[in-house]
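So that you can tell them apart, the chains are marked A, B, C, D and E in the order they are listed, and the count of residues begins at 1 in each.
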Amino acid sequence: MTNSMNNVKAPLLAQIGALFPEVRLKKDRDREITFEVQPRDLHQVLTYLKNAGWRQLSMISCVDWIEDGQFELVYNVFDWTQGLRVLLSMKIDRGEAQAMTIINLFDGAMYYEREIHEFFGVVFLGNEDALKSLFLERWDDIPPLRKDFDSRAYSDKKYVKRFYDPVYGPQGGASFERS
Amino acid sequence: MQMNPVLTIALPLILAFTKIMYRRIANLFLVLGSLLNVLVVFFIKEGQYLMGGYAPPFGIVLQVDAYALYSLLVLNVLFAALTILVTKKAENLTSSSLIALAALNGLILTGDLFNLFVFLEIAAIAAIIIASSSKRYHHAFHYMVASIIGSTFYLLGLILLYKQYGTLNMAKMHELMLASPGGSSVAVILIFVGLAVEVKLMPFSGWVKGVLKNADEWIGPMIGAIYGGAMMIVMGRLFTDVFVVSPKVTLLLSILALVTLVGGEAAAYDSEKMREILLYSGVAQSGLEILLILNGYAALSFILILSNMMAKYVMFLLSGYIVNAAGTDVLGDLKGLFRSNPFLGFAFTAAGLSLAGLPLFVGFFIKLNILYNLMMSHSYWLPAIILITSLVEGIYMLRMILGLWQTGLEVQETGIQIISPSNIKTKYAVHAITLILSLAMVVFGLMPDYALDLAQKARGNAVADKPAMMIGMKGGPGQ
Amino acid sequence: MNIIHLILGLFLAGIAAYGIGRLKPAAASWLTLAASWAALLILFLGGDTLAGGNAWGLLAFKMTPLGWFFSMTLLFVYSTNTFFNLSVPAAPTRQAAYPMLYLISLASTIGVFSAENWLALFIFWEIVLWSSTFMIGFGKPGRGSIIYFGMSLLGSFMMLFAILVMGTAYQTFEVKGALMAAAQSPGPALLVFLLMLFSAMVKLGITPFHIWMPEAYHEAPDHFAPVLAGGLSKLGAFTALMVTSFLPASTLMAQPWQVRGLPLLTYILLTVSAVSIVIGTLMAIKQEDAKKLLAYSSVANSGYIMIGMLMGTPMSVSGALVHLLAHALATTVTFMVMAAVARQTGTTRMDELGGLLHRMPITFLAFLTAILSLVGLPPMLGFVSKWLILQSLASQGLFLVAAAAIFGSIGSLLYAFRILSTVFLGQLKPKHRQVREAPAVLLIPLLLLSGVTLVLGIYPYGLVQYTAKIENSLGFADTVQITGLSIQGNNGNLNALLIMGAFAIGFLIALGIFLKAPKSRKVDLMDTYTGGEFIYSPELYSYSTNFFAPLERVYAGLPEISRLYEALANRVRDLGTLVQYLFFSPLPSRTALLISVVTILLIWGEAI
Amino acid sequence: MPKKERPSRFHPVSHTMQTVEVPTEKISPQEQAEAWEKIAHYFRANSLWMLNYCTGCCAIELPLVMTSQYDMERLGMMPMATPRQADILLVTGYASLKTLRRLIYTYEQMGTPKYVVAFGPCAVNGGIYHDAYAVLNRLDLYLPVDLYIAGCMPKPEAVMNGFKRLIELIESGQATGWKDYERRFDWYKSNQLEAVGEVYIHDEFHE
Amino acid sequence: MNALQSIGTGLGMALFGWLLQTTISGVTRKVIARIQKRRGPVWYQNFRDIMKLLNKRSVTHGWAFDFGLLVALAGAIGTAMFMPVAGIVAFKGFDNFFMIIYLAALGVFGRALSSGSSGNPLATIGVMRGLTQNIGYKVPYMLLVIALISYYRTSSISEIVELQRVSGWSVLVMPLGFVVAFISLHGMLGKKPFDTYLAPAEIASGPLVEYGGKQLGILMIAHELSVFIEVSLFVNLFLGGGATLPEFLLKYAFIYILSSSLGAVMGRFRIEQVVRFYYKVPIALTIVQILMLAVMRGGVR
């Protein structure tokens, strides 16, 4: 698996291996490396990466593994000079869904965490602003992107449907009357 | 009832020494002495008075002409007023003040150059004692050093003159000088320097700042106004009635005077403290007066001396009281002071505006006539410089006055009473005197002809070739 | 009833006002009102042949048409402003002197305009100076009054020097005679001409000397600023017009120095006033405070007046005179409106105001007429004068000056809209919701002055006729002609009534269309198109700070002239410190050294 | 000069438009107004300005309609920047909950007479987003829709045809959605509040 | 010509101006459409737009909003009455240049006042940009016309037209001036490179944000009239103004369509670029032109 980034990846892998024993290489694609990280090591790894050149936090995304009752938070950092993207995947328990905030490392994380809180319900400790609503105005149900959220039921409950008689025709059908 | 002028000298001297016996009623002596003097001055007639029976060159001779009479009058009135105002402080200074009064009267009256030297010495010593009353001995010492050097130079000049002309009588000296003017310029310069120290001319006036910077309401008017005015009058007498000065020397001394004028105004513009501004403005004005004396505009210089004397008297007096009441004379902290005592404010403003030369005040007509006469003798650049310096003076004077009035909306009143209501007596006295003087300024401003004719009469005859064309309210010659 | 009685009466009224003011300030304001309106009436009835009265020594008076025109303008501004004093609660202890100073300055302005000899004129000129300085002192604390006094003193001392030069060289102080004599004999006439014009330029606020205007107008108290801005700057115009008409530059400069038919000297001064228009406009566009903006607009308008006078053709002089009146009326109204706004809202900073149109409609109307007149748009008097000046510029062919004049008139559209939209239009701030209309006592002068501007704008013929009479009295060969209802320019003529008629017809048609179409629905101010978003805070929803940002960026680097004067003042200060250090040191030894060294120098100097 | 009315397959001729014979010797103000209304209809029909408020994915069809191939300007239609100037409000595609608030606010800012044209099925019954948690399923409960244009992303020809149909409706005076909105204002308002809760939303971003 | 008759001709002139300009702008919309390879509206589309607007019931923001509008239309009508077209002059001898410019400026001020009072900051920004641009193109334009006036020694438009017929069009007198005047005209008409104050994308059609219904209709009438004034002024001053009506119409149409089609193919400047452009190129050309004129100090009369 010869890829052009060897001269960049090799030192990184060596360093990470040396510094963080528990961090395990999960996937090694051409321009992207994914690490498996424990919640308590997240901050150290991020700090190291930031100093090593990975200055931009592109994205924090969340995956809902409902079967094994876990959320997977993926931190996506990018280094413009070397062009290598590093993903840190971290699993947290789905029940009390908590994680440490990283806004002191990357200011940009504020809105990512707020969005994840709104759509998944993950509470980021140390970032009170993230508890406020972001996109959904006046939302009154469980966070919508959770796997156990039934969108159709909500739609049926909330929005008035248009009912058609089984016989489709110009006269019947569309309750289109307008007095 | 005709009185002999020597009384004005003798009386204060007698009282000065008899006072030692009666310690308790000392200030009574002072007030009595100065009032008596004023009385005497009213009954003096012009003429020459011989003392001690000797012929003029040897005996004491007193020269009393209109010039001396008016200066005596102004001097003694101001002195008497000052003694009435500042009785409490003046107690321990009674003798030295009376001596000072005697010396100053002597200076003006004497017709003999050596007598002049003697009176100069006595006046200097009295002034030093008065200056030291403000407990700043360092500055008093500085003043003493300067005046001693000055009087020694004066004495040196005197000796040279005596060697050359063999006489010390002013009138005789004048004739001899007219006959053979050559060779006497070194002596004249020395005498000029001698007096210049007292008259606060720039290079010689190092001591002025020390003495007047923190002068109280007694030293300020005394040294700043009365002494300055008296010495300037003596300078006027010497350099118009007695000496004939070669054009080159006049040019040199005029340059000196000009430097004083410009330097004094710039220094006043730069300073922030009220008394500093006043003393530098005094230095500058003395430069202007000497400039006029040297170039022969005697009448103009005389009226300028008198008006400056009065204005400085009022302003120094008030600044003394202000410092006592407010504790500081930095203009920044005195914002809005006059709002709580408007009448004193009015007096101070009238004096200030007259100094700056704004209309409806006597200062304006004096400046107008100075410029007019200078221009009549076809010199354009001198009036230009005088105008520029009076512009600078106008700005810093108005800045001070506006700061003190500070009637702005946002600034609340300071409420400091210049004269604490406790001593009502002095309060009314100060109000009365300052208002009279400033009203005099305004009245002479409205009808300046009386003052101008008076000056004309006093000095007109002295200098034949430069009769001053006076523009008064009645309209100048061009009308 | 002659001029001496008038002036003395006003002086005495002033002193009486001071006395009464100490007891009851309101009575003092009523007294000032009565006195100034009486003076206006006397002067109006007296006409320009009012007897001068026997000369009281130096102070001799003679009323000329020019003097009458100026006095009437000033008196009208002063007396309408007295209504203003009624509304201002003059604090008893502090402002008691204000009515006195007010009447004294009024009396001395009449004195200036009717003085027969230069000395009397100068005396009254200086009294106006220091009385107005103290009145500015009543306003906000700051360096405004000192800068005003310093610059004006510079101007008046220049005038004093010129007067004395005339007095000594031509042995007469008589106003007309001295200038005529100067015109005959070359001698120092050039010096007199320049110094007189410089002193006038200081008072009018032309470029090199205009730095005092923004500070002084900004810091003057609200009830004095209208008079200071509208009235007092006209003194400079008076002397400038007398000098340019009796001592025309053509006599001074030898024939070859001609530029487009004008002597080189006049051309240089024309360029200076043109520069003054450009600088006044550019600075006015940049200002954030309303009163400073209006101050710079006065700098620009004084430039127009100066151009009109300097060109010397009958049409341009009459244009200058009409513009003088138009500017006086308009600036007085604008400053009064700003005072009313400051009285109701507490500030004149433009970014804190907005939407006052809905709360103060009458004030807005008066302000609109004044702004139209300042910009020079048709129904108002400002248009007539700008038309006259531009016509004479075009016929003379002075392109550089014409370019500046055009730039000034279009630039005035810019800053007029800026002040109009930030103060009156735009969003009404919540804290101004309870603001009430200005009190009636303020509205009377506003409506009076803007009414006069409007009426004279529509029917200016009486006024232009009088300027022709003035031109005759100033010795102009031919004057501006008026036939029937049109002012005859040499390359086009103006019928103000016709223009107003056309505009009125257009307005009727527009009104017809407007009423015919379906009635539209009144909507709240905040209910505007916001790109679908909901905005609830009016403060964020108004555009008022650095209004003309793109234009300001183009001339951002313009050097300020006031820095030049500050540098000058600092040099004087440095000289002062040097002198203090050298000659006034506390060390006795140094004094001794100095005395001896100087004496030796003197003796040596005498020896060589 | 209105066109001959043709009962179209899609819309029944509304029963209200009977024409009543009236003696013509003096045109009463009511007739005069009506005659003028007819003329006004002609002008309104031939100078339709649409507010290009692109709510959903059908908006991508509009540039085609505007540019050289189909050129709606032939019909006198022009895109306008603000609701004040516009006559037609185009609801192109689905209307989510948040968008509905803005739609209502913009609709109320438009001058009358105004018309609403809905693109695609999403406005009719929610279309492919019928089960989404944020998308409304019936637009006509909240805004009076004058014309629906079928097609999940209607082709430009369909859009042009729809616009022509709208012009006919206006000329025949049938496009009276805005009158209906005024008449049944509270019914519409109650629907809106019930769906949206609060039209003028107050939250952290709008203070 | 007695007063009533001249006023009648004046009104007729205003009406004619409006009709002429509205038709020509309709035709121009077709020309622009052709440039963009599409069919474009019927020629009388603008009439239909205006009539539709006058029948719409829209919104008002207070009396100043409407008053400013009426002043704008009144200013436009008043100025149009004075405009000499093909020999017909409503008020003989009073149609001088400065009066026309200032009366038109009154219209501009009325529009600024009314859009300012709409309360929408977008409108104020739009007016700010319009005025900034106005100062950019008006100064060289008026300078040129003043040069013309001093060259022909008269500021009355109709006299200038007669003089041009005698001594040839002003284009020959001031070729550079003609170019600068055309650039300024382009700015005055608000065509594409210089329509920053109407920028629909940036500030939602600037001053016109809050206008709808009859307000917008009146504004469009006023706009058409002011375009008529500007273009006919340009034609009269620089192109000899047409002895007969068809000649005038031809020149008028040519200039307007040329300017609009130029606008159709250009992008929009930013406001700083507009101001900086107008202070460099036109001013320089004007000065060169004036120097040439001063050198060739002929003067016709």
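What to note about this one:
The rule is short, and it goes like this: a contact is a pair of C-beta atoms (placed from the backbone, for glycine too) under 8 Å apart; a residue touches a chain by one contact, two chains touch by 3 or more.
Remember, predicted model here, so these are calculated numbers, not experimental data.
If you take chain A and chain B together, no chain is in touch with both. The fewest steps needed to get from chain B to chain D, moving only between touching chains, is 2.
Between B-C and D-E, more C-beta contact pairs are found at B-C. Averaging C-alpha coordinates per chain and comparing to chain A, the farthest chain turns out to be B.
Separation between the centroids of chain C and chain E, computed from CA atoms only, is 35 Å. One finds 40 Å separating the Cα centroids of chain A and chain D.
One simple way to say how far apart two chains are is to compare their mean CA positions; for chain C and chain D this gives 59 Å.
Chain E has residues 55-59, 204, 209-210, 213 in contact with two or more other chains. Multi-chain contact residues of chain B, defined as those touching 2 or more other chains: none present.
Looking at chain A, no residue sits in touch with two or more other chains.
Looking at which chains touch one another, you get A-D, B-C, C-D, C-E, D-E. Residue ranges of chain E in contact with chain C, taken from their complex: 7, 10-11, 14, 54-64, 66, 69-71, 73-79, 81-82, 91, 93-94, 96-99, 102-103, 105-106, 108-109, 112-113, 116-122, 124-125, 127-129, 131-132, 134-135, 138-139, 142-143, 146-147, 149-150, 153-156, 204, 209-210, 213-215, 217-218, 221, 271-272, 275-276, 279, 290, 294. For chain D in complex with chain A, the touching residues are 9, 12, 97-98, 101, 124-126, 130-138, 140-141, 180, 191, 195, 197-198, 201, 203-204. Those residues of chain D lying in contact with chain E across their complex are 40, 43-44, 46-47, 49, 67-69, 71, 73-74, 76, 80-82, 84-85, 87, 109-113.
Every residue of chain D that touches chain C in the complex is listed here, in rising order: 53, 82-84, 101-102, 105-106, 109, 111, 200-202, 206-207.
Residues of chain A touching chain D in their complex: 132-133, 135-138, 141, 144, 149, 151-152, 154-155, 158-162, 170, 174, 176, 178.
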